[in-house]
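In order of appearance the chains are A, B, C, D and E, and numbering begins at 1 in each one.
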């Protein structure tokens, strides 16, 4: 039924993606934004796994790709956190909306 | 003859570049003589060209053609060649060039190397435009002209030079970039019509042959001509694209003004004759009435506005607008006389206005001022200067016997043949020209020496030998071409036939351009008059009443 | 994995090794820049040699996911040149600021690996990984001046938005993958050809996937309205890195477009053409208009790079409308733009050798008098960026415009927009020239002494900028071959 | 939560509410629409994931956000299991919960300032952001339902050995690349994050 | 002959060139070359004129042409520079070279103290060249060249004393007003070329009949427009009085004897064209006679001696045009010749007077000069009598022929106005004589003491001019009705006269012609008498009579409007000032404003709008990541929407 329908997985993925987007757009804290991005990447992974599960011939491929995406997310997180720490040293605040020295 | 066996056109075109490189590499003290030598060498080479050129009254016959593949993928060639029109303008360029360089010897003291390099590169571009027979190459030379002129105005210009030079560049660029689109579109249309082969797509002769036989599609013609027109009209400059000119002239150093007026404005006229007419005859015919209308406006409007200019250079600049109006008028009536007159007028305007700018420069050099109102009585203190100024003022006013007259009159005859009303309106400018020129002359030269000039004391010296050396050749040419215009007319016969071979001398359009022009000028004057009355008193007090 | 596969990826493998070698060398001689420069440049030369050697024969490896063709070779060489020049421009800027060269070179070469991977990938997953490998080092490079508030601010903006766009891109990629059932570019194209042939319809899912991917890619090339990161990241980054960021990731992202949109999604070009046309138009226009108001040269060049994205998109649009010349023009533009823009940034970087010098317009006042050679070179690069002949920039612009004119219709209209934009752009480029030659210097500072490496790099950029403008035949052949490989 | 509730009860009540939210859809599905156990489990995971995701993006205390994220990822791992992607589920637990989340929590600790929590959680543009997110969700949902996904096979379980073969044969290049990617990230990340001499954190 | 004819024009040109280049160094010796060359040119033209008038070879009946070279070879627009001499040319040559030579000689004395001595002779030579080119040219375009060149020399000579603002302004005015006429002439030339394809005068005349009558009328009127400018006919007459700012020899030569006759010559030269367009001829007659009376009415009250003469010149030119208009071409040329001599004489005489009273031109400060400068007085008296039309002086014959022919050819109104003008002419000339030479000196005493007769170099030309002024009529005008001049000019005007169907009634001295003679002599006598009554007379054989200022005052008070109109020259200067200076200046200023604010304003405005929009768009770049992200998200949604729309199409 529900657990057996691709639509359900994909909609779930979409919802997660949208929640991530919201977090990214709305939160002020750099780390919160980073977490939102992780949510979005996980939404993508969910979609990939779902396709792998339901589309003939994609099963194993889906898994491999999902694992790759997880690895990429890890790399991204590394880089992101490094940058967050670097800027925190300069600005003493994790609030991204206060990083507006450059504009126009 | 030996001249035809060597790549004379390449030599003429790139000699100044060699000079520029030499100036750049040699020490500062060598800049002046080396630059002058390069310009003189180019001049001599161009005279050889003139000697070797065989005038033939045959359309579209180019001589000294040099062809080399350049970008074979698109059939772009390094193709140079000249007909009479090119030769005349090349010689005009090289002549004015060494005169300008000579005239810069004393006024330019800052960054002389850069200055000379800019001038010589400018010369490369200008000559290149006149000898390129490949539309792509033509465009490249066309743009090459832009940068040195930009620097010349911007670095060595007057107080408001940056505004002026940026305006000049942007204005010109808008037109020329659209022209680039048109050049590419034309090439593509050619390629399309020739089964996808790019061979000849940028070759002027191939394009022209195509235009004459199959012809380009009407839509393309209308667009491409409009784009070419915009580029050339801005260069000429035609009303209402002329406002960069007064600013550029006022701010440019003397020699810059000379070249600007003497050669740069001719690029537009040349472009019309060489490219716009032969390639897009149908569009040219369709647009002709409108262009004639604009030319008329330019002629009258430029002259009227020149009447009230307080600055010598501005006055000459607006007179250029008026004079160049005759060029476009002469071209677009599609009459042999008109076209010949237009070409002659280009040459004459180059010589005469060039000389006028030199003369303004002479006085500016001494007074650091160009305000007409501050001048007066020069005749008594600097008689030679006054005499030369008088000579060129009358030459500019189209005094018969001097060169200005013949070109103007031929253009007028063409216009009159097209439509007597058009001819009449344009001829009316003779009065206005006399008005602004003589009024200026009277205020500057006649009367008692003004207090301002008195204050200069012994700084107010008559023309120096170098200045005389720059002015006398021009004066001599003005007289010679006035008495023997055939010298030029014989050369350009083939070019004129070529330009007119594909356009028919049509009778005036259903709506005579005169009607809207007259109505337009009158309305405009009334509106402006009204607005002025509302916003305040007249900007310039008119001349006090004539002698009681 | 076979031996043939290894041979095919030799350049990429070599590049990775070079990156590692650089860090190893730094461990061996800590803080010394000469060995680093030597190893990285020599390594890059080797990589270039390998690219040429392997590029001689078209090959496909790893089950068709990695392809070496003329396009790969062309782009790889371009990337190597970009990174090589960037490394050459680096020391003069980094050393006065106590920034190490080794990490700079390593990270840069890693980024180059990513770009090279994109150029060679014929597999969606590899493309994504290549993209990440290219941009992640980019984020780090942007924040390379880690004690500088601007640099880190630019980096975090770049990173956050870049990751956001990566997620968006990946989401779209997943949908396309799910709907076509393969990650191979050729397979995707085959699956989609039914839609192009009219035997199938473009499903909403596919449309949405396209939208997400387009958005992600548009972000990477800094197309409006996804360009917001560009000015801040460019302004904040250390100047040589800004130069790199303005060309490397951009050309890399265009490589992605070529592999993804032109090859894989090529059958759908009727669908994405209108989007590209609109993007091109607003990108050119906004980039130029905003650049007009900038007083910081780096920021101005950032907006100008947005505008140049627009010009390149014109080429893409022309291709989508059926003209191969569009593709060739795009590639030509990419190469020409790389060198002139790198050159321009190199001059800015050279001026900032003295720490504390800003990249404001005032810095350029009187440069033509203080350092005439730099002034003239900068003028040349700016003229090329404006599109004045006889420079590479002019020919590139003419090329894409020609393609647009050929394509006709709405794309031809883009040609007109492009030239009007070019005219407007002249204003801000020439304003720098105004400052350099028509204003007096503000301070009577001693002229700087610049490193030999900088001069060599500048000379290379200058020569290429001129040669591609005057004798473009070799480059034309190369882009022709590259375009034929995928068109 | 209303203030009249005694503090001691609060966690209890919260847990009960959460459990209700999570379980109700599952129970309703099983009872009303005849769903099977998998459906119920799927719904439990799904709701848990969404609720915790919402918590991640809305909660004031950033440490709790991080913890909510761990919950979210855990629920997701469950869904992966349901979808038959065992190895992915494992990787999710190891990499995400084990590594990334911890990394993030560390970062939170490092960057936490006293002032931060009292300030606004959201940007001033939270409203537009919410609208955009909702529109995006709706667009995706509509698109997904409107799309004909073609011949869908049975839900499959991924054979791990096949996967391993794939990983080291067909996907060897991506695998290597990921390694390079991580290497680059680490080299650069360490440089950026490491303290300069004499610089306090 | 191929050499001699061009030489007439070229000699003065050479004189101009040489003097212009080296004159400054010659200083007070500068006159030798120009004067010498003009004398040689005079001698040659006398020979040429004699040969031409006697129809000797190579001139024959219809003249002789010589082509120098092809000036403008522009396709089918070919203009050859060439000379042509027939009897009409010969008549003009006589007038131009003779008076020109005498003025040159006179100037040696008159200008001797001027610092611009050499310059003056250079200009004079330039003028001689231009004028001779004008009468010798055989192509309309070459005529036009000369036409403008005389304008230039006139400009230079009027503005000779350039330090004087009035002189400079007068010079400018002369040139510009002339240009107005020139425009008409130029258009006429264009119309001729466009319709006939040639600009050769003789060919044009031969083929003019091929054209539509309307075209011919237009051509005629356009040519006449040119003539109006040069010959200062209403309404283009305003420049001539101002031109008196120039040195007096210039006024004599250019603005009395030669240049102003160019218009008359041109119309006479193209008489066959006008004959094809009788309506145009009526216009010519009307304008001519109107100018005659207008100018005469102004001359009545002017106090500047040269201005009186200037208006008198206008008036006499009006006569000539009236004659042309009625078809009395020979009479016009006759008057041209006689007027040239006596008006030249009068101007040179007035110059002598002005010289004598130390550059004073106001007659109110003269009087009684008869005693001090007798030769000047005597010669001017001859001139005055001649212009008044007293037989047997030259003016009598020519003026009488004009009036007589007008009446007989059916233009009674022309005759009547001319008749009135004859009376006015006599009056104002003797007013001038009375105020200047008779009565008591009204100027400062010290001036009176130093007045002395001019040097010989000035008085000899006066005497030499007085001779033809007195006798030319007897030589050319007799026998009445079949004069020598008629015989001379018959080949030239034959065609035109034929066309106008003028069957000349036989001359009847004891019929209508005699009555007309009596009438005109009578009215002249009346005019003189009134002048004597009001302004006095001191002639031997007549009762001396003192001036009567009281009577003058009463008279002017009786017709105040007419008096003021005359005194203010009918306010033409004020009208022009209003039209061209005030209104025209305002329009020009307005257009300039339009150029700066509207045309250029649009350009700058476009730039400003572009930059402003750039500044506006830059505001989007807030510096906040979340704003950027929101932008991207919105872009994403729009993108998705458009793709879905594209897919759904």
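Methods note: a residue touches a chain if its C-beta (ideal position, glycine included) is under 8 Å from a C-beta of that chain, and two chains touch if they have at least 3 such contacts.
Bear in mind the structure is a predicted one, so any value in this text is a computation, not a measurement.
The fewest steps needed to get from chain C to chain E, moving only between touching chains, is 1. Chains touching both chain A and chain C: D, E. Averaging the CA coordinates per chain and comparing them to the mean over all protein CA atoms picks out B as nearest. Interface comparison, B-E versus C-D: the pair with the greater number of contacting C-beta pairs is B-E. As a whole-number value, the distance joining the C-alpha centres of chain B and chain D reads 73 Å. Once the centre of each chain is set as its mean CA position, chain A and chain D turn out to be 8 Å apart.
Averaging C-alpha coordinates per chain places the centre of chain B 43 Å away from that of chain C.
The centroid of the Cα atoms in chain A and the matching centroid in chain B are 65 Å apart.
The residues of chain D that reach two or more other chains are 123, 125, 128-129, 132-133, 136, 139-140, 143-144, 149-150, 171, 174, 178, 181, 184-185, 188-189, 192, 199, listed in rising order. The multi-chain contact residues of chain A, meaning those touching 2 or more other chains, are 17, 20-21, 24-28, 30, 33-34, 50, 55-57, 61, 68, 72, 75-76, 79, 82-84, 86, 89, 96-97, 99, 101-104.
Residue positions 170 of chain B each touch two or more of the other chains. Contact annotation for chain pairs lists A-C, A-D, A-E, B-C, B-E, C-D, C-E, D-E, with touch applied as defined. On chain C, the positions that touch chain B within their shared complex are 368-369, 383, 387-390, 394, 398, 401-402, 405-406, 412, 415-416, 419-420, 422-424, 426-427, 430-431, 433-434, 437-438, 472-473, 476-477, 480. Interface residues of chain A, counted against chain C in their complex, comprise 17, 20, 24, 30, 33-34, 37, 40-41, 43-44, 47-48, 50-51, 55-58, 61, 65, 68-69, 72, 75-76, 79-80, 82-84, 86-87, 89-91, 96, 99, 101-104. Listed in rising order, the residues of chain A touching chain D in the complex are 1-4, 6-23, 25-32, 34-36, 38-39, 42, 45-46, 49-50, 52-57, 59-64, 66-68, 70-79, 81-86, 88-89, 92-95, 97. The part of chain C that touches chain A in the complex is made up of residues 125, 128-129, 132, 136, 139-140, 143, 146-150, 152-157, 159-160, 163-164, 166-168, 170-171, 174-175, 177-178, 181, 183, 231-232, 235-236, 293, 299. The part of chain C that touches chain E in the complex is made up of residues 156-157, 160-161, 164-165, 168, 201-204, 206-208, 210-212, 214-215, 218-219, 225-226, 228-229, 231-232, 271, 274-275, 286, 288-294, 424, 427.
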